[in-house]
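Got some structures for you, see below.
There are two complexes below, and they share subunit A, which is joined by subunit B in the first and by subunit C in the second.
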Partner chain A sequence: MAGVEALPAAAPAPRVKAPGALARLLAHPSFRWGLLLFGAVAVCGLLADWLAPYDPLRNNFRTRFQPPSETFWFGTDRFGRDILSRTLFGIQVSLRIGLGVALVTALVGGAIGAVAGFWRRADGPIMRVMDALMAFPAVLLAIALAAALGPSELNVIVALSIAYVPRTARVMRAGVLVVREFPFVEGARAIGASPTRVLLRHVLPNAMAPLVVQQTYVFALAVLAEAVLSFLGVGPPPPTPTLGGVIADGRDFIQEAPWISITPGVVIALVVLGLNLMGDGLRDALDPRLRTAIR
Partner chain B sequence: MSLLSVQDLAVSFGPTRVLEGVSFDIAEGEVLGVVGESGSGKSMTALAIMGLLPIGGRAAGRITFQDRDLLTLPERAMQRLRGDSVAMIFQEPMSSLNPVLTIGEQIAEVLRRHRGMRRRDAHAEAVSLLKLVEIAAAERRVDEYPHQLSGGMRQRAMIAIALACRPKLLIADEPTTALDATVQAGILDLLRGLRRELGMAVLLITHDLGVVSDICERVVVMYAGRVAEAGPAGRIFEQPAHPYTRALLAAIPRLEGPIGDLPAIPGVVPSPADFPKGCRFAPRCAHARPACEVAPPVLRALPSGTEAACIRAEEVS
Partner chain C sequence: MLRYAAGRLVSALPVLLIVSLLSFGIVWIVPGDVAVEMAGPTATAEELARLRERLGLTKPWHEQLIGWYGALLQGDLGESILLRQGVGAAIVERLPVTLSLTFTALLIAFVCGTALGVLAAVRAGKAADRAAMGTALIGFSLPDFWLGLVFVYLFAVVLGWLPTGGYVPFTQDPLGWAQAMILPAGTLALSQMGLFARMTRAAMLEVLRQDYVRTARAKGMPGWIVVGKHALRNALIPVVTVAGIACGVLLGGAVVIESVFSLPGVGRLIVGAIQRRDYPVIQGGLLLTATIFVLVNLAVDLLYAALDPRIRHGRR
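Moving on, here comes the complex of A and B:
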């Protein structure tokens, strides 16, 4: 070894840069499709203020139940409000809620799972509480919480976060349980790092990948669940346009005016599909070993 | 005056004692080899000194380092000690470095933890440490990640981390086992040079007697959680007193002489749950007598210059 290293470095070997995670991601077909779908919907939502042809809240009794036409591309509802405009603004609300839930569960669930996985004594009590939460169907729990907290966008985020935290905590705990046994963790202890430091600097960064992937699914689940809550009337209060709310508006007229529910329904499907495809791509990029096994 | 003194160390997991009656001293600047088969308790001894026994492990006895009993030291004080005056390197250079941090960041972590260095100073010191462990192009390597280094370079980086705070005692747990033979020689050369340069004591754990004869001054031979024989390396290799040591030495292949079957020790090391009552080596020993199975033999000084735990040591050697 010493001899080999001592050789004059006359011709340094060309250093081939391995493709980074981002390049791998963008090369992944399902991630690209997912990004395209999700990105297109998200951009529409973000630009709703400019793209929406009408005020999503303004009633107009002369234009009630208009089928799709040149004036109203996707028709109008029973108050004469433009479905396209309502859907565009609904995307904003839905994505805010989805992102909020994904972030909150990542922070709270990640912290809970990390503590449970790292400190064995905390594991039992914490995970029993998580199991108890998980025993309720997530959507049912969210409905109960949202109903108890009262209808508002923030309360929907809170309710859905509580409902989905156990999943995030479990994923994080599983990752920490694996990583804590790696020799470099013992190595970190051997240089005098405190347990907190070992967890934050050495264990967590190596246990993050499954959580990142999981959160894309939680995002999608939250968008779906928000639609369910709005549909049942415990979402953000009307007349706030939300995707689930617009579907609910069309519920009673599904025979006569199906366009009311179809448009936001298709958008939800696109968002969820896009997020799931992105999640698959992310998983493959973060754990290349899994890739061949899945295809 | 010894730097580290281990007296009557015992380690148990629940009712199972994996280590008992282990005693040895290391003087300042001395290289002590701890030899034994897998399962003899070498690594447990090292982890007990570091206070890093796996969950459920309990250590009893006394481990005195610089006049402090490490077994009664509070965890906070142990954290200040680890990586500072006592450092450890591990067997697996492939997985003993954090894959998401650069080599420099990992060396800097020790310096910032124990020396309170600033980021920039620690980075500069990391470069000079990499030079110390003879890594070529240290300025570039310092910002690379572990996967970009070869096994030998990773072990050198591990050594650099261990040496960052100039420890008084370096515990090396099989530092060369996972490496190619040529790389092994390089690492051993490095360790030998560094300990002379820095004047640190080294506790070298290995199952490779060649490594021991290469750099150790004194040797402790362990078998099934007890010390079988201890003494100056030269004496042990020339005149081993314990039948286990003799059998180990006989099992080393030789370059010269006729080619024959390599003598092997029959059987395996018993598991801690069913250690024999008397001498633990007796069931595998060619010289065992009924008396050997009555009580565990005590370590006693022999005229040959070593200490051995064998009641028939004089007759055998």
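Moving on, here comes the complex of A and C:
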């Protein structure tokens, strides 16, 4: 057993006590900046209960359409609700949904991709179904699914996960297809390890890196798509404050009160930019050869 | 080439079959009664019965499925409940808007994206590279529907240069068409522009390292000819394949952008149908967009094979 385990270590160039993965990551400027951006917005969202100056749901007809001022830093909407407070709570919803979709697609898509890549007979049928799912524009499919399932946060996660599962499955499959040909896998087979054990113990751990990178991008895509769904009114139902929903609130008043839509859009952009930067950093740190392979 | 084309065509068939099954199945995931969902809470029992009859919901599911395929083979996508019009006709009527939006965006994304990518590759590691890649990154990080609103505010409300929305057919008034198209297509193009820029940069860096590029330089050929003719032509091959996928993403993005700019396209038809639970239109719209995507990708693959003999002869 020990001999088999030693093989993968012997394959790459000799390591000179490489710095830990985390240190390497933090040394990467993209990742650092991404983490800073994403982290700053995420912390604001998580602390919304303390940071929000007003109740995000309370209507106040005396303060309707207030432009940004000292009392309302980012103005108010047509019900006199504070944009800053609504945006802060909207961040929570976006992050919950983005993280949920990233985790669900990692598990489901990862499993589908691993099976397709490892058991060649299952590959054809599984990937045809994935191709068919991929043929629907992801956002359109998610809108239709979310509408059919009915408006709720959980249904948004389900709809977006179905829309983005094929990407994850493809990346996982590609990784497994490469790793399964390595000599150490053959070694494991040769000493009589069961296929399930070979897959779980030897192939998967070595095919994980692209998945981790991909899921960072899926997180970003899900945040963007959730905003679209909420903007079109098939996201979490009102009065839940969502970033896309606040943008939709300001849409009809873009002439008179442009501040309503501007703030949440900037926040979405910061979250997504942060996640994309982190993804780029992870990609470079985990495997430089992936530079062009994903995305 | 013919064998490759035939093989590729055959492999598209199961995908189309599953696509049509999934489009049909969207009604089945609606929790509860589709008819109640569509007609609203005020509907009488009689109205519900009539709606069920029209949708064919009174039949068992296998008969509905056979009916769906039977009608599909005759090019019949069913009847819109709200528009009182055939779904096929409703879509065909609006298709020019969506297609001109999608393809104008694709053109903008491709031209600007490859230009950015070439610039970044030629100046790799320098300030211009970082600026180009920064632009690309920001391009696909901004929510496009929000950016559309910001553009409407800037160019239509503040500056008054362009209309806030609406559509003018190209055949009626080309200039009006261009004015109506530039903001939505530009907005839609931005995210894919970023991806094209990244792809082009990566492909260019790869190609610029090749021996024949060095040879061209060594024999004293001007730099811009080496980059533009020798390198770019070869670097573009993988970029063109991405255009097929970009086309699908843009078709999806068009759904939202049409709503933002009040363009009377298929996207707005589908969004309206979703908001009013007009399921036949949703099914037809999903099926049609996915079919367009499959066909475009088929065309791209065939084009790719025609351009690059290694594809049709070698193993993929």
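The criterion applied here is as follows: the second predicted complex is superposed on the first by the 270 of 295 C-alpha atoms of A that agree within 3 Å, B and C clash if a C-alpha of one lies under 4 Å from a C-alpha of the other, contacts with A are read in each partner's own complex, and residues count from 1 in each chain.
The working rule: a residue touches a chain if its C-beta (ideal position, glycine included) is under 8 Å from a C-beta of that chain, and two chains touch if they have at least 3 such contacts.
Everything numeric here is computed off the predicted structure, so don't read it as measured data.
Legend: residue contacts after superposition of the two complexes on their common chain; A:L57 is shown touching neither subunit B nor subunit C. In the superposition on chain A, A:I191 makes contact with subunit B only, while subunit C stays out of contact range.
By the touch criterion stated above, A:A174 is placed in contact with neither subunit B nor subunit C. Shared-chain residue A:I143: touches subunit C; no touch with subunit B.
By the document's definition of touching, of the two partners only subunit C reaches A:G265; subunit B does not. Applying the stated contact rule after C-alpha superposition, one finds that A:C44 touches neither subunit B nor subunit C. Of the two partner chains placed around the shared chain by superposition, subunit C is the only one that A:A227 touches, whereas subunit B remains out of contact. Comparing subunit C and subunit B on the residues of subunit A they touch gives the larger count to C.
Residues common to the contacts of subunit A with subunit B and with subunit C across the two structures: none. Subunit A contributes residues 128-129, 131-141, 143-145, 147-150, 220, 224, 227-228, 231-234, 244, 247, 250-251, 254-255, 258, 261-262, 264-265, 268-269, 272-273, 276-277, 280, 291-292, 295 to its touches with subunit C in the complex. For subunit A in complex with subunit B, the residues that touch the partner chain are 1-3, 5-6, 9, 120, 182-184, 186-194, 201-202, 205-206. Within the complex formed with subunit A, the residues of subunit B that make contact are 50, 52, 55, 79-84, 87-88, 90, 92, 95-101, 109-110, 113-114, 134-137, 152, 158, 161-162, 180, 182-183, 185-187, 189-190. On the subunit C side of its complex with subunit A, the touching residues are 14-16, 18-19, 22, 26-27, 29-31, 137-138, 140-143, 145-147, 149-150, 152-153, 157, 195, 198-199, 202-203, 206, 248-249, 251-253, 255-256, 259-260, 267, 270-271, 274-275, 277, 282, 285-286, 289-291, 293-294.
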